[in-house]
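Down below are the structures I want you to see.
In the two assemblies presented below, subunit A is common to both, partnered first by subunit B and then by subunit C.
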Partner chain A sequence: MAPAFPRSGDAIFANVERVNAELLTLTYGAIVRQLLTDLEEVEEVNKQLDQMGYNIGIRLIDEFLAKSNITRCVDFRETAEVIAKVGFKMFLGVTASVTSWDTEGTCCSLLLEDNPLVDFVELPDTCQGLYYCNILSGVVRGALEMVSMKTEVTWVKDMLRGDDAFELQVKLLKQVPEEYPYKDDE
Partner chain B sequence: MQFFGGSEISPSPPLPTASGNNAHMMYIFNRNGVCLLYREWNRPLRTLDSNQDHKLMFGLLFSLKSLTAKMDPSSAEKGNLGVPQLPGQGCSFHSFRTNTYKLSFMESPSGIKIILVTHPKASDLRESLKYIYNLYVEYVVKNPLYTPGTPIRSELFNTTLDQYVRGLG
Partner chain C sequence: MIGAGKMKQYTNVLDKPLSKGRQEVSLSGFAYLFSELVQYNQTQVDNIGELERRLEDAGYAVGVRVLELLCHREKGNRRETRLLGILSFVHSTVWKVLFGKVADSLEKGTEHEDEYMISEKELLVNRFISVPKDMGSFNCGAFVAGIVRGVLDNAGFPAVVTAHFVPVDGQQRPRTTILIKFAEEWLLITNRYYEEKQG
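And then the complex of A and B:
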């Protein structure tokens, strides 16, 4: 019997249409630059990036599920592995690793050594406090919400701030199974 | 965007596109019970108004999923009937057949439910439903002008869907 979920995103990544990585990097950079000009406050930009990511995530999940043929999403451990190995590979072309599990299994970290969004980027002094890749935290949060997992996603390590890698902490708040949506009297 | 007649929740059914089509009708629901799409190709008798019809269909499938999961002899869970399920938890029901039609069902972990009603001699349509899910992703989800959770109004999606369904065995 085939495994319930694909172990790696390589096969899928090989089959999807690809675009020049520089195009992605420069487009993303242009978005952040424009947000900084429009909103001026670094906190506002962080929030806006997260919101944009959320809107992407709620759509991305369907494409991800369709291409990877995944049918179950019950176990958070499995989910984290799938996001790191298959999700990141499919959409960013890089694999992440899952580390720092807590004792209950509800909180983990996704470690990214390589991040195409930050090629050529250096944060100037005026942008201290900016989470440049905050769109990624929104994407993960949005996607997980559509599979009944309410999460909190924050950056623990950020290479643009001097750390050695990018580390995204994903904390599962609760799993919300589908409820019958119609009221009984209708 | 203009909505023609009907309420925003359930679009009024379009006229049947082609007779001699293999399928009778198709529904797509999202996880909140909103009917994203209702296509009708061959449905001579219609007794309920669209809203009722969609609710009935959604309710039926919700209950069937719950029932089939609880009756599963290979499962070790002792949950009560009606307890909401997580996506993929328990067994997944995929079709039922009567002497006049066959209803095939597919649910994605994100709660998108695709229901296809065909003639009773249809073979296993799981692969076809997966293909339709892929079509949904390509033509609907990837359209930046589409708001998730609202009825689908894409002519391109409708045409491609009609073409595909016409070719089903």
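And then the complex of A and C:
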């Protein structure tokens, strides 16, 4: 049975200030377009999007923890559920589902059927290697790193490339214990 | 490799039904994205003028698409031919769809015939932006100015659009004014049209 969250994703989303999703969609499109013009190489754009996502993720985690009153997650399973149900809902207004757990419980997939970033988007033939939503993978990676989890996040399915949904594979590499900036014995 | 070897399962994006535009995302999500846009552009330029120009170009692309989307969805594909018509379209419809409210005011410039101003107490995009003193009068509203320019340009009303901070007595944060200066040739055409109509 799924654990009961202190505040559900829907409740938080109803309480935050919201804007039209199309503004986000079009602004994101403008960003990707600018990157493609500046960097030209699709691989470079992917990397830059991931980096931008990482920068967002390390700040977003603070707001997420503040607004959602989530207690410390017991294991990675709970973490993934929280990201899918609360995190995505809070910021993008859509929920994801968690699938494809591996036997050790360190690798799972977040399945997104509805993605506001890709409304109106079609990938041209010249950009077939582009992971359009790569910013999301950076966000997840950055946010988890700030809560002491080093992860690797990759795209498994991409609707813009012909698949039927968006699937992000999140693999927990290691848990980094928190380091204190001062020494106890001095 | 993803997507490889599969028949294209999705229909052409143009075949999908147009959304009603009711979907929402959190303001903070948009704010993070906008801040990344500004930060990225800061790394690509040497001076403030360039930065404003790049933000405006990004906004221009948004404006073009907003015009197409809203003309189809809200106005039933009717094209605006009058100046006041397009200005009120920007001030009400575009602002309402993008920012959730109509703009605070639309004024005609007193000094010049071809200037109009849309004012807003606090632009949505500037909500979480603070400009350091050494950047002078830089205004991230250049993005919004770009959106307005994109809409006007593609509706057939070429103009130069800029964003300015205007200090207001009794208010800590200055309000933002989007200044629209219509291109001269356009005004000549409209004046001649109205003269011929009356004559």
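Here are some notes:
By definition in this document, the second predicted complex is superposed on the first by the 171 of 186 C-alpha atoms of A that agree within 3 Å, B and C clash if a C-alpha of one lies under 4 Å from a C-alpha of the other, contacts with A are read in each partner's own complex, and residues count from 1 in each chain.
To be clear about the criterion, a contact is a pair of C-beta atoms (placed from the backbone, for glycine too) under 8 Å apart; a residue touches a chain by one contact, two chains touch by 3 or more.
These numbers come from a predicted model, not from an experiment.
After superposition on the shared chain, subunit A has more residues touched by C, the comparison being subunit B against subunit C. In the superposition on chain A, contact of A:147 is made with subunit B only, not with subunit C. Within the superposed three-chain model, A:74 lies in touch with subunit B and out of touch with subunit C [touch as defined at top]. Contact with subunit C, but none with subunit B, is seen for A:31 once the two complexes are overlaid on the shared chain. By the touch criterion stated above, A:104 is placed in contact with neither subunit B nor subunit C.
By the document's definition of touching, of the two partners only subunit B reaches A:58; subunit C does not.
Overlaid on A, the two complexes show subunit B and subunit C touching the same residues of subunit A, namely 59, 63. Interface residues of subunit C, counted against subunit A in their complex, comprise 2-3, 6-10, 12-13, 19, 21, 23-30, 32-34, 36-37, 39-41, 44, 54, 57-59, 61-62, 65-66, 69, 97-100, 124. Residues 13, 16-24, 26-31, 33-35, 38, 48, 52, 55-56, 59-60, 63, 90-93, 116, 119-122, 135, 155-159, 161-164 of subunit A are the ones touching subunit C in the complex. The touching residues of subunit A, counted against subunit B in their complex, run 58-59, 61-63, 65-67, 69-74, 146-148, 175, 177-182, 186. Interface of subunit B with subunit A (complex): residues 31-33, 55, 58-59, 62, 83-89, 92, 108-112, 130, 133-134, 136-137, 141-142, 148.
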